[in-house]
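Please go over the structures that come below.
Next come two complexes built around subunit A: one with subunit B, the other with subunit C.
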Partner chain A sequence: MVLEILDILISGLLNGGIFALIAVGLSMQYGVARVLNVAHGEFIMLGAFFTWTLYTMLKVNPLVSLVICGPIVFVIGYFLHKTLYRRIRLSSESQGAFEGNSMLASFGLLFIIQNLAILRWGSGIKGYSYLNFPVNLGGAMFAANRLVTLLFAVAICIIFYLFLTRTRLGKAIRAAAQDPDAAGLMGVNINQVLALCFGLGALMAGLAGSLLSMSFRVQPTMGLEYTVIAIIVIVLGGLGSIPGSFIGGFILGLVGSIVSHFEPGLSLVAYYVLFMILLLVKPTGILGR
Partner chain B sequence: MNRVALTSKKFLLPGLMIIALILLVTSPSYISAYKVMLLTSILMYIVVSVSWAIFSGPTGYISLASAAFFGVGIYTAAILGRILPLTYVIIIGGLVSVVLALIVGVITLRLKGMYFAIFTFGLVELLKHFLLWWEINITGTRGRFVISVHSETVFYVMIIIFVAVLLTAYLIKHSKYGLALQSIGEYEEAAEHIGINVTMVKIATFAISSFFIGSAGAIIATRWTYVDPYIAFNPIFSFMPVLMSIFGGLGQLFGPVLGAAFFAYLEESLITKFPYHYMLIFGIILVVAILYLPDGLIGLAKKWKKGSLSSGLVELLQKRQKGRKEV
Partner chain C sequence: MSKKSFFSLIICLIFILTIAVGCSQPAPQPAQKDPAAPTGPVVPDKNEIVIGSVSSLSGPLSPIEGAAFGPIRQMWVNDINARGGIYVKEYDKKLPIKLIEYDDTSDIGTMTRLMERLIVEDKVDFIFPPTGTAMLFAAGEVANKHEKLLIGMSGGASEIKQIIAGMPYFFSALNFSDTQMPALVNMMVDQGVESAAIVFIGDLHGVEYSGAAVPQLALAGIDVIYVKSIPPGISDMSSLIREAKAADVDAFLCFAYPDENILALMQSMELGFNPKLFLTGPGGNFGFFRDIFGDQVMEGMMSWGAWNERSSPGSKEFVDKFIPLYGEPMVDWWGHNLYWGALQFFEQAVEKAGTLDNAVVRDIVATEKFDTILGPTWFEGGMLAEECHTGEVGQWQNGKFEVIAPYDKATAKPIYPKPSWPR
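Presenting the complex of A and B:
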């Protein structure tokens, strides 16, 4: 009994770490840049595939490829905002129209990235084995790579939080999150900051993908599931709240591991039910404004 | 029919439409069976797109629930197809969608903007995963066989739904409800203040539009013969109507028709040979349409017409406006 609870708790935390990381990324994109990026999961997939390619072709350690994949997806995200979303932002008449159009554009992006990936890597499932030995945690057994994933995910979130709260650029981002127009008037280069936020969101997704590829299988269609989870988490945590997304990730991870302990087929259903109840009862989320 | 009636502008468009309809209805007698199937697909996409545009076009609420209504219709046909005659199955497929739409409408009353889109998309995934779990664990199957119907019957039923959805869309657009929907899209609070029962209008329109998607799903399922939750609740059926309508042009009734016809044809010609290229092109056109075609093909045609007129032909334009006033 105690062992079972421990098992549920730890696997919840292990899932929660990665959920938190991808949700913090989406939170930057939707909370600050106001782009509900439904292609978020595709950046995760890209990160995972880059890591897989580096590992199988050049034997690059997956933890080393974090510092290679991260910047690549960051640059992709940054220029996507500079070109695509900036244009939509300028041509949309209202905030609502921008959010609608940018969401639809990111659906287009989802299809583009996903199918390019299928054309490049094929639609099959890929995987490799790294740090794949069991670790005993008080009687519950877990693969070492999942623990490493959790550790890195939490560390990246904390570093990012410190960047947001302690640096000048972080201050500019927080100002843009509160009111982009006012921040612009205060001398923040708003286009630059929004593109940076979008790029940072993609960076988180890419890092999450690299970490995920160590313990889960990789395939071009893996993205959407993570996108949906990230959307649920940012609503759960409160839109635009980074700590909210972080905590929300762990809450959803625990919910998932509890449900799948009793009925493995229903964990996604449980996420959606939780999400729908949340939208109806408290759409502002646990730490929302 | 006399010449005066045909040449006068008032009768030209309805006349052309009736001729097109007659050509469509009689087409199985002179085109190949494959072309009839292609026409059926085109009609199906038109039905789904126009239904989507009835609600989402004027109000600006992006509904991603189309796949849910479509899937509900498909499963109605899969479950009831063996016991009930086709007509009942199709009507029940539509009605079950209406019930689902009413439920969604009532619980999403307070959701605005993006939340509505996310909620409706979540609905598709929720139904899919729940049904998958239910089928595997409770009924012990994964997919179901649907009793098949002659492809010409499918075609004629699709034509009936197609005509019904166009008529409904036209009537709604040109009634006071159409105006109410428009004003909700422009400024919901103001619409409420001038006495429009915003909630009622939104829910009723959403439900009406879902009827056609559900019945289209019910009839097309008989052509697919085998369905499982992944086929029935494929999210592509939520995005297709959005893209087709935006690409064609949302403001006009014919925009979604045009967009749907274009993509249905593109899909038919590409998907068997290059499925991934098709989806890639789909994505690229979606992005390009949002960037460069805010009013769709119809808007583009209008702009082009206007542009060529204003370049020096002011007189002609004025003449035309005068003429229009007299008509």
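Presenting the complex of A and C:
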């Protein structure tokens, strides 16, 4: 019985770590840059494919790939905001219009990135084996690569939180999240900060993709399922709240693990049920304002 | 004028008029050859055979499309065109293939709409099948409505047998559970398997395979520990694997798609679950599985199929042609020889028909027998005859996908128990 509970808890934490990382990225993009980026999962896919390519072609350790893939995806995200979303923002009549227009643009981006990936890597499934052996934790067995994923995901989220709370740039981002116009009047280069936030969101997605590629298959169509999970988590945690997304990721991971223990077919259903209950009972989420 | 003179005048007048009328008609002339006119019967003009294809080039089904029928379709068209085309007697020449391709984005509604467009607007001569079981069922209805021949390739289920009778234009080239499961269960009994755990994906494919497996295993005296359904896109199967490990089952049968099968295999290794028999299908039959996990992990892994270059002389020829073009990871050791054989059959059916009339070609497909990569090949009741299958179950052995069941088609003996996962 104790072993079963331990199994469920650790499985939940292992999934939750990666959910948290993905959601923190989307939270940056939606909470600050106000872009509900439905192509968020495509940045995860890009991170996973870059890591797979480096590992299979150049034998680069996937953990080393993090410092290569993350910045590449960041640059892509940063310039996408500079070129695409900034123009949409400037041409939109209101904040609401911008959110609607940017979401539609994200849908287009989803298909563009996905199809470019199919052209580059083909539509087939890719993968590799890394740290693919069991580790005994108090009698419960877990994969070494998933434990490493959890440790890195938590570490990345903590570093990111410290960056937001302890640095001058982090303060500017938080100011932009609260009120972009007021932050602009206070001397914050708002366009720069918003592009940076979008790039940082993409960076988190890219890092998540690199970590995911160690224990899951890699394919051009893998992104959407993670986008859906990220949206559920940011609603659960509270829109725009980084700590909320972090906690929400772990809660969703645990819910999935508990349900999956009794009926694996219902874990996705449980996510959606939780999502609907939240919208009805506490639409602001756990730490939302 | 005397009466005699009057009659003589009338007779002369009739005679003169007869001659005059006769002279006004052109005299029959010997036929003269016009250098511009065609000789013999009139031959309609046509320079190519247009084949329409709607397939899942993007979306969730694209990995299966890219690994299963997609490369075969492309290679066959190139192969035919390199040989100048298919000879069609009606046009008295070889006609190359022109392929019109649309992407259904893995959406069934889009697929049927585009297939109607191919037939009605593009007026293609023939159509190629879409990707996946549900797509094939829907495409069969469209093809039949427009009386277009449709030979199903990747996808399908034994349920097709029940509906195919009402769809005379629909044929199916792939083998399913009705021939595969008896071969698997027979082999499991012979190897001394005593218990099994079954995981199946909750769709037509999974339901069919688990539905076929449970009673057959029970009848064979194999204890089925559990039968569990999983949804597409499941991200954690650890609880299922732990349960199978705790029960110490001999066989773990995962009737799901590559996504789920990769997860099942990865998590089994991660959790140290090493059953004596491990079958994933469809999944383990694809070359990319071996590419992902390597020979040591794949040693002893089973999947549906099956064929290899030793299955027939034509199979060797096919492999020698396919691998340099697409690479070994792109080989589907379940379906590729069936698809290629079915297309070779189709080519010969068109040649024999001497026309692009789908009704005529359809009748030939339904009744004739041709030599292909599979040997003598024919369809029975709309399905590729069981005798044409080169195998039903395969197993990875020393980096090769060997046919292990049924025994009369086997290229190697089964390895049981399979080796432990490499450290």
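We take it that the second predicted complex is superposed on the first by the 289 of 289 C-alpha atoms of A that agree within 3 Å, B and C clash if a C-alpha of one lies under 4 Å from a C-alpha of the other, contacts with A are read in each partner's own complex, and residues count from 1 in each chain.
Just so we're on the same page, a residue touches a chain if its C-beta (ideal position, glycine included) is under 8 Å from a C-beta of that chain, and two chains touch if they have at least 3 such contacts.
Every value quoted in this text rests on a predicted model; they were computed, and no experiment measured them.
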Room on subunit A for both subunit B and subunit C (clash or fit): clash
Partner chain(s) touched by A:R217 [first = subunit B, second = subunit C, both, neither]: second
Which superposed partner A:L119 touches (first subunit B, second subunit C, both, neither): first
Which of subunit B and subunit C A:L268 touches, first, second, both or neither: both
Partner chain(s) touched by A:S129 [first = subunit B, second = subunit C, both, neither]: second
Subunit B versus subunit C as contact partner of A:S91, first or second or both or neither: first
Touched partner set for A:L109, first subunit B, second subunit C, both or neither: first
Touched partner set for A:D7, first subunit B, second subunit C, both or neither: second
Subunit B versus subunit C as contact partner of A:V67, first or second or both or neither: neither
Common ground on subunit A, meaning residues reached by subunit C in one complex and by subunit B in the other: 111, 114-115, 118, 123, 265, 268
Residues of subunit A defined as touching subunit B within the complex: 36, 84, 87-88, 91, 96-97, 99-101, 103-105, 107-112, 114-116, 118-119, 123, 224, 228, 231, 235, 263, 265-266, 268-269, 272-273, 275-276, 279-280, 283
Subunit A contact footprint on subunit B (complex, rising order): 60, 62, 107-108, 110-111, 113-115, 117-119, 122-123, 125-126, 129-130, 132-133, 136-137, 235, 239, 242-243, 246, 276-277, 279-280, 282-287, 290-291, 294
Complex interface listing, subunit A residues touching subunit C: 7, 11, 15, 111, 114-115, 118, 122-129, 132-134, 141-146, 215-217, 219-221, 225, 256-257, 260-261, 264-265, 267-268
Parts of subunit C lying in touch with subunit A, wherever the complex brings them together: 57-60, 62-63, 65-67, 70, 202, 228-231, 233-240, 242, 258-259, 262-263, 266-267, 269-272, 288, 292-294, 297, 329-330, 423
